[in-house]
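See the structures that follow.
Common to both upcoming complexes is chain A, partnered first by chain B, then by chain C.
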Partner chain A sequence: MSRHRGKLMFLGGLIAALAVGWLGLPIVLYETIDQPLQFSHATHTGDLLGMDCEACHTFDEAGRFCGVPGIALCATCHEEALGDSPAEQHLVEAFIHPNLEIPWLVYARQPDNVFFPHAAHTVLAEISCERCHGPHGHSDRLRPYQRNRISGYSRDIWGSNIAGIASAPWDGMKMGDCSRCHRQRGIVESCQDCHK
Partner chain B sequence: MSRNTTHRVRYGMAIDIDRCTGCGACMVACAVENNVSVPPPPAGDRKGLTWIRVYRLHNERPYPESRTAYLPLLCQHCGHHTPCVSVCPQHATDIDPETGIVSQIPERCLGCRYCMAACPYHARYFTWWDPVWPAGMEEIFNPDVSPRMRGVVEKCNFCHGRRQVALQRAAAEGRRQIRDDEYRPACLEACPVGAIHFGNLDDPKQELYDLVHGERAFRLLERLGTEPKIYYLSSQPWVRRLLHNGIPASRRHPDGGRPDVAALRHQQVLARDPRAEERRRS
Partner chain C sequence: MSTGWRRRDFLTVFGGGMAGIALSPLPWKLLDDAAIWTQNWSWLPRLPRGEISTRYGRCTICPAGCGLRADIVNGQAFRLTGLPNDPIGGGTLCPLGIAGHHLRYHPARLRGPVEGGRIEEGGTGRDADARSLPLDEAIARLAGWINELQDVGASQTIAILDARPGRLLSEIYRRFSASLGAHYIPARTGGFSSDVLHAMGSAPLPTLGIDLAGIRTLLSFGAPVLDDWGAPSCANQFDRYAGSAGEGTTSSAALLIQVETRPSATAQRAGLWLRNAPGSECALALGLAHVIVHEGLYDRTGTAGQLLDGDGDARPSSGDPLNQGAAVGSSALCGYRELLAHYPPEQTAQLTGISSATIRDVARRFATAGPAVAIPGQDPGGGPLDPQAQQAIWNLNLLTGALDRRRGFVSRRALPLPQRLADAPGGAVTSLSHVPDGSLRMLIVDGALPDHALPWELLTRKLARHGARLVSLSPFRSGLARHAALRIPAPAPLEFWEEVPTPWDAPTATLAIAAPLAEPPRGALHPSALLERIAKLLGMPSPGGDADYLMLLRERAAAVFLTARGHVHRGRDGRRVPLDDYDSAEAFWQELAAGGCWIDDADKTVARLGPARRAFLDPSQPTSWDQGIASAPSAAGYPLTLMPFGPRSMAGEEALPPVMAKLYRESHLRSSPEDVHVHPETARRAGVEDGLPAWVETPAGKRRFQVQTDPAVHPAVIHIATGPAPASFGDLPQEEYPAVLELLSPNEKGVWRMTPARLRPVEC
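Showing the complex of A and B:
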């Protein structure tokens, strides 16, 4: 037994180090923050209302994607509380009546040097929102936002798996994920097509 | 691979030296457009950040014959053997085959400044300090240009952010291409005398085409064979003599514009000090 003691110690240490790196690191690396308001996309896009993504997520006259809509758009329907859920009360009392914007944490927020024209993808290439954002538009509740403590970026950018293995086409929004799709579609790209 | 993004253009510029008054409006407009930071006082001429810089030219003659002109110098977007691209170990600078624009990606740049040594035009600048702006200027940042960090090289990119925005607007309207008037650099718009012309060098319908093929047009250090896409216009013989390199054409390498090493060195000396040739002759 003592003959193999060194090898066992080495293997044990290796397994422990790998476990720390692959299992422990993601827990330490990301901090979890709750969204300021619980919002159900499913309520809006479901059978009852059947709204399209474009009903709230619009382009401005310069073709810029406006991202998450402002409180004024919410107020067109929610000027007074619709229903009696706690989130609805919170929306009306904390944001709509004092006319404050909701400080949403955007899962897909890219670094500052990325130029992503939504119009080129959704209008010209006719790619669906789900290709990159997954079934988010039909989700019942907003999952907690996970922020990388080092880079400050959302976990959605790297993807859920720390090794970078995507579980779905929309899992991960890194440069490599953009490039992969571009190459599949035969798009010739240069650095400045997407970087500013 | 199919090209289904944009059509191929070759953006270039013609700058009329005879019109330029040296006011520096292009330098200010460029800095504002591209979120160029303001280095602290010890920066001076050598370590400052000016994507476009107006140099003063003088014929060095006494009063009655004394003449002054101004030379706005920016990245020349060399189309052949682009010196900065060929030396960059990081692929941080690249020439876009769709537009001919020489790009600079600060996030890839490791700050070795090899490109600055290679550039015959001194059109590249290094950020020696953390970027700072006068108080309040951060409020008016251009959202289409990302500010650079300390320790990287930056330079003119023909206001590429404006091209991206123009393409985005076109995409929202269902167009894949932009019209000529939708994309113009900031220096051109700021120039009060209209000395700067911009457009597609390959399009014979544009005014630029006639200008760069006219008799007044020349390029800086043309015989290096780097095919710069900035053309300068002047009718004044002393300006043309000062900016035109004095290397006889016979010293060119026969295989398409590559000069021999001695000629290259001579050109680099001239690039740093355009008056060296005149002094040598006198």
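Showing the complex of A and C:
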């Protein structure tokens, strides 16, 4: 035993540190925040309504992507509660009737110094929404938002894996992910393309 | 066996832990997040979230006034882009304009009045003594100073330096100066100076613009026509010249011939670059004129024909026109012919360093491949050419009829004034060189960003040696404001209603309005409002005719509307709408306020000098024409000539949008003002090496620069960019900046193109 004492000690320290780095860090680094309202994309895009993404996530007359729709668009259908789910009641009473915007926590929000034109990607390059956002448009619930306590950004930007190893094409929205896709498509890049 | 933990065990576990940490994402992820955290500090300006709206306006960083589209969130502009097909900007914004909305956050931004030290013995301002003071107190302080001088009958020792002449604000300055009995001094601006031409004529000339459409030969004496010269849309007319390199002077294609000592961007892209000896522009112009007159190639139907051939019907049948001065009987013309006789191509070749064959070819091309124009250029950093050289170059235009036709230099109408200002004309205009040395006890410097450099030495020469006060209206604590005893900041660009009057190079009159994109700080005051309040305190008449600046802008627009001429280029869609289509002056104003640009119809008259016998060189003037060489003031021990240069709007130390200007500088598209460019042989003789620091010494002082060798540089010359200064971006304290402007020795005519200099290695 004493002959292996040093190795065991080293191994113990190694395993403990690995556990801290791989398992403990994500728990400590990210805080989990619930969305202000539950929303089912599946209900809207599924067979029942069959809406396209663009029905709510529109482009304005100048070609700019409008992002998450405002409460006015929700109110066109939900001026009065449709159904009796608690989320529906909450939507109507807390936001639509007082005409307050829903403070959504946007999983894909990029830093202010990043300029991302949706039109160039979805219209010109004809890239599907799923390429970057995955099956989000067919989810039945909004998963909790995980906020990085240091950087302040969503965990979706870094990716689900703490080491940044992507498990799917839409897993991660870092600059490296953008560059990788551009290289695959033979797009010549410069800093000014995104950092204007 | 002991089971207790020993020191070695702790170290082993720690080593394992360190290895484990290194094999986990923890350090790398924390490092990455910490880097991002530094971007999110609470004091950094952050873009508000919200709905994006669009407004159209004008950039006022430089006098061109390019059209812009501003994307705005919650009232804050976050992106500026050019207006497609804009008649001034041509659809683009320069790197400064793209980041124009950053200027309000510049580190040198003043948010309220600051009182500094007094200028003593030509020294610089003392920021250490500066203190903030309330706006009302600052205005009262300035009024008090003016009153002190009035009381002792010294109003004529006050001057206002207008950084951007031609605006309505300039009219207000003129009226205020006239009421006070002070000087109104317009700063030098534009890409060529026509002051000399105006002085040459016997009758007043209209304002000159330039129309380069259809010009086949452009002979530029140092004007940066392919770089940053004129409004972008005008400069774009030269694009076709860029591809004509190597075609030679006999080509029938349009050709740019660049006469310049420095290997500038324009020189390298020109169809023909004539690298002349420093200061030999006058000799070259005279040599070209010699060939043109000797071979009878001048325009015999225009002013030159009338002057050189006598009456249009009395043309010489044969012989050398150089010997026919008696036909006109003018002593000036006789003198001109005698003068040209001293500049045969062989003699000119010796003076200029350009071969006699090239001089003949260029002269023939210039005279026969017309329309042709010669431009007496002025570099934004290096200043204008010597007046003699300018006169010789204007005479080339006279010889080929460039002032007698609707190509090249054209006359344009002046913008109408608001009625209330038109009824009370402004005071006289004084050139800075005409202000007696040491006479000024107060100089009020306008707050617009100048597009040309102004050496501090030129101003200190005019200021009284003791007790002179400089008052700056600049929104920034940079440039001349560094020397100010009192700074009352004006709103920064894009923070107030501003006017974009006709750019200097426009062939027709134009008017555009820059609407504010943001609120100025509470401590900032527009100069028009400042002068109104001072006038009220001193019991003087209102310089703006009891109207605020916005009202005056509206009234000028109304005066333009009443002309019923021209059309409007709409900002929002680029459509061209005749002025007649607007129902009212108010509708016209609303269009201008939304980024529209009014463009006058062409003035059909041409810029004739008329019976201007004085138009040609008069050797009876006390000038030394015998050499045709403007030399640097001689100084023993200074074997080289320092020739500064600079890009427009970045030629000095004024504040610039930090982000884009930094990229501009680091891209090496522009020469750094910390570098000295020398010929390799010159560097070898001086004992300095490429890439290493060296002292540049002139009679005015010495500064340390980084040596950059370039075989295209003339061996007798060193070149240093006057800007943009690192402090323009808020990088360094001003004291560390090796400002070349402080090494220059302007002559009595206000010319600082050439200063004797020497290079010395920096001892380790």
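The definition used in the following text is that the second predicted complex is superposed on the first by the 196 of 196 C-alpha atoms of A that agree within 3 Å, B and C clash if a C-alpha of one lies under 4 Å from a C-alpha of the other, contacts with A are read in each partner's own complex, and residues count from 1 in each chain.
We take it that a contact is a pair of C-beta atoms (placed from the backbone, for glycine too) under 8 Å apart; a residue touches a chain by one contact, two chains touch by 3 or more.
Here the structure is a predicted model, which means the values were calculated and not measured.
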item: Clash-or-fit label for the pair chain B, chain C on chain A; value: clash
item: First (chain B), second (chain C), both or neither touched by A:Asn99; value: neither
item: In the superposition, chain B vs chain C on chain A residues touched; value: C
item: Which of chain B and chain C A:Ala120 touches, first, second, both or neither; value: first
item: First (chain B), second (chain C), both or neither touched by A:Gly63; value: first
item: Contacts of A:Asp112 with chain B and chain C, given as first, second, both or neither; value: both
item: First, second, both or neither for A:Thr76, with chain B first and chain C second; value: neither
item: Touching partner for A:Ser190 - first (chain B), second (chain C), both, neither; value: first
item: Clash with chain B, by chain C stretch, listed 149-157, 185-193, 311-319 or 401-409; value: 185-193
item: Common interface positions of chain A, toward chain B and toward chain C; value: 62, 64, 112-113, 196
item: Touch list for chain B against partner chain A, complex; value: 1-5, 94, 96-98, 101, 103, 105-108, 144-147, 157, 160-161, 164-165, 167-174, 176
item: Residues on chain A engaged by chain B in the complex (per definition of touch); value: 59, 62-64, 112-113, 115, 117, 119-120, 123-124, 185-193, 195-196
item: Sites on chain C touched by chain A in the complex; value: 1, 8-9, 12-21, 23-26, 29-30, 32-34, 36-37, 39-40, 46-47, 51-52, 54, 79
item: Footprint of chain C on chain A - complex, ascending; value: 1-2, 5-6, 9-18, 20-22, 25, 29, 60, 62, 64, 70, 111-113, 148, 150-153, 158, 162-164, 196
